[in-house]
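Some structures are shown below for you to check.
The following pair of complexes shares a single chain, subunit A, combined with subunit B in the former and subunit C in the latter.
Up next, the complex of A and B:
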């Protein structure tokens, strides 16, 4: 059965370095948006990525409105919304609980993951909404779902929104796991300290027709490690499998990939396994970098945010460098320290999550 | 776009407070793993076992996720006590199906849906898509585990503090044999209703064929 092709036709983002234009400037100039914070944990410093004082839900609507204005659409009435989020509205529940010492003023509808889709549906009246929550792969999986629906011809327009705000639960939770960095994170660096939790919003319009600015979402693939709840399979089986599935879906070979946008959280476990997976699968050593050194880890929003970065790398034909790297732990992968112009036809973007949930997306330049 | 699917297996479980007959010792023989399971994970592996499903793509849904782990974390932060790393790793919405994948070494795709009262409708749509993508049987589970201290301060949606529903979908070219109607399922959280609609419609039909709107 022939598949409809899937085109990324408009997008916008918000992260600790600003909108998409400022995001790409920060990435290419290696200017991190991470700040050192003690407001969540008075006894501990943590490198965090925040776009405060912007109000998160107002920003969510504004970013989505920006995508609508860029798009060929007049409204989203015939568009499916698929949200990816890992925390939803838990930040508001925390505020109520810390103040009241009870749940009585928590509104369950504002607590749940669905607060994101309901906020956007109220503002834009989508044809239908869906919402995924697979921790840090949430919006990558939302993109995978959107691609499959358009491939089948079930929808012509799908808006994917990845969104997660900072909250005590995630900042203190990652501290409890011992994986937070007190400084700007240093993905793939030897002796790296850990990750930076951050907030982010990424909104991407996918359609079944191309426009002059389109990038193609060529393929996607998922897998499960079935190994451990938080630690990745040390042999990288799950990471390799999801990338192989995405390449197969895209109909390309590993050696066709011109840039790898890594998950690259800056934790010991993730980066070692991801580097091993890339070293094993991509023997032609394409450039790879983790842009989380600039944005921090935006959790459920990361898949969408990094999909936007992948599209920008293709449009600008310029490789994103690895910021905050001096000595790489794995010298068999190609981690460029400076940005440079290059022919970029295909980019693969990785997302990995708790529970061994793995997703890879392949984006391609229009031929 | 509507496509047809065979519902080969289905199961449901519910309790006012706590499901007592989840047969954990047989289904999860390894004690270390069994001890780590959340309530939702226990319900999920029970329902998967009832559907005789171990290997394949899974679509799981929950409107409110892992409430006990979330409450433990927020309570610890408020009390300025250490957070349990296990509570944090168990707090994500894909915890239950991830334990299922660990239990059965299932390396297939797992997707987790959470969209309020539309959750099980979204699970059906997503499960149907995954069945078409894999051209194989897919397990769909929707579960709420809300039995935490003081939940009555916020619970207005269900009489059953623990409940879950599961079914399997397999793509088919056969014609529809069962029409699914929307019903109110008294006592259950509305997040489960769409899958309960399928369960009710198919319970007296072997290998019922239903249509699912993608």
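Up next, the complex of A and C:
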């Protein structure tokens, strides 16, 4: 069966360092947006990435409006919306609970993952909506789903939105797991402390026709470790499998990849296994970096946010450096400390989640 | 078209009881640590689907839930605001939408893609469409597809959550189908509509059916639509006893394959139009 090609034709993001323009400036200049916070846990310091916690849903609509204005579309009436989110409307429920100290006024419809798609559908009247929630791979899987639907010709336009707000459940939950860093996270660093929870929004319009600014979503691949709920397979079998699946889907070889945008949360387990996977699969040692040292881990939004970074690296032909690294734990992977211009045709972007849920996306420059 | 190779189903109406833990102990000596009732419900249904067959390790797992694991959210809130404690790690982990899918994948050693989708009352149709696409594109060879929803007590809370009237009998269920594009050895074929149908298109579509076809109506079909369809031909109505929950469409699929022979048209709707699932036993 022949398949339609899939093009990234417009996007916008919002993270603790601002919109996409400011995000890329921060990445290339190695300026982190993480701040040290005690508002969620008075007894513990945590490095968090925040932009405007009380205005998250207004920001969601504004970012989406920006994508519409950049795009060739007049409206989203013939566009499918796929949202990837881990948190959904939990923050709204928390606000009610804080105020009332009771469940009485919690509106279950505001609590669900789908509250994000419903908010955007109300604002823009999409043709249809979907919500995908697989923890930290949510919006990467949303992009994979969008690619499949366009491949098959089921839709011509799909808007993927990855969005997660900061909330007590996630900040305190990750603290309970002992994986939060009290300072800016240091992905791939020897003796790293942990991750920074952050909020973020990434909105990406995928279409079946190319425009002059397009980047191609060439391939995607998923896998499941089926190993442990919170720890990745130490032999990196699942991480390697999802990248191999994505490369196969894109019709390219490992040595064609010019840059790896790593999941790189800054936790001991994730970074060790991801570095092993990249070391094993990419023997030509392409540059790799985790931009979570700049943005923090935006959870369900991370896949979309980092897909935007992958597209920008291709457009700017400039490698994103690894911020906050002095001594790498794994010296067999290529972690550039400075940005530099380079020919970048293909980028692979990794997303890994609890539950051993692995997704890799391959983006390519238009030839 | 995709083919259903096996089905599994566990569920109850609100006036029945279901001891999930005891049911699991009765079938498996391996009690899975750190799981809660929602996860055990998912495991129980998946086990029922796979108990009599081998499954390939690269089988993908697609799961849907209308409401997800709401009980664990209440536990997390209680820990913080009533017990004044930080979240228990196990509850935080179990609050993730893909945790139940992980435990199913781990139990059956499935290393294929593992997804979790929600679209409230049309979650199953959305998931079936994704599976139909991925099988057609040969991205997957087998997909274990399940819908899981747990009835939360008090029932009034769930009625509010679902936005249903007091008279609607509620239920819970864990219904799973093993799907493939391979016909050999299959129990039934399945087609889900790729696009929403308007009312006229739906009626035109149903006019082509034989009167021996069974029809089932989802919760969001209007009474006048049901009457119009019944007026077309003397279709037999296929019903399941499991009360309403947002993935009950999967129960219609699993129950029809196990209890009935023939052809089923399951119809549901939302503001964008009607969806149709066609099942034909082989």
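One rule holds in what follows: the second predicted complex is superposed on the first by the 365 of 367 C-alpha atoms of A that agree within 3 Å, B and C clash if a C-alpha of one lies under 4 Å from a C-alpha of the other, contacts with A are read in each partner's own complex, and residues count from 1 in each chain.
Here, contacts are C-beta pairs under 8 Å (C-beta built on N, C-alpha and C of every residue); 3 or more make two chains touch, one makes a residue touch a chain.
Computed from a predicted structure; not experimentally measured.
In this overlay on subunit A, subunit B clashes with subunit C. When the shared chain is aligned, subunit C comes close enough to touch A:3, but subunit B does not.
Applying the stated contact rule after C-alpha superposition, one finds that A:104 touches subunit B and leaves subunit C untouched.
In the superposition on chain A, A:148 makes contact with both subunit B and subunit C.
Contact with both subunit B and subunit C is seen for A:130 once the two complexes are overlaid on the shared chain. In the superposition on chain A, contact of A:176 is made with both subunit B and subunit C. Comparing the two interfaces of subunit A, the one with subunit B and the one with subunit C have residues 86, 90, 93, 97, 101, 103, 108-109, 111-114, 129-135, 141, 145, 148-149, 152, 154, 168-169, 172-177, 222-230, 237-238, 241, 353-357 in common. Touching subunit A in their complex are the following residues of subunit B: 1, 36, 63-65, 70, 73-74, 77-78, 82-85, 88-95, 97-99, 101-102, 104-116, 118-119, 122, 125-126, 129, 132-133, 150-151, 153-157, 214.
On the subunit C side of its complex with subunit A, the touching residues are 34, 60-61, 67-68, 70, 73-74, 76-77, 80-81, 86-89, 92-93, 95-99, 101-103, 105-106, 108-120, 126, 129-130, 133-134, 136-139, 160-161, 163, 194, 196, 272.
Contact residues on subunit A toward subunit C in their complex (touch as defined above): 1, 3, 41, 86, 90, 93, 97, 101, 103, 108-109, 111-114, 127-135, 141, 145, 148-149, 151-152, 154, 168-169, 172-177, 222-230, 237-238, 241, 249, 353-357.
Residues 83, 86, 88, 90, 93-94, 97-98, 101-104, 106, 108-109, 111-114, 117-118, 129-135, 141, 145, 148-149, 152-154, 168-169, 172-178, 222-230, 237-238, 241, 353-357 of subunit A touch subunit B in their complex.
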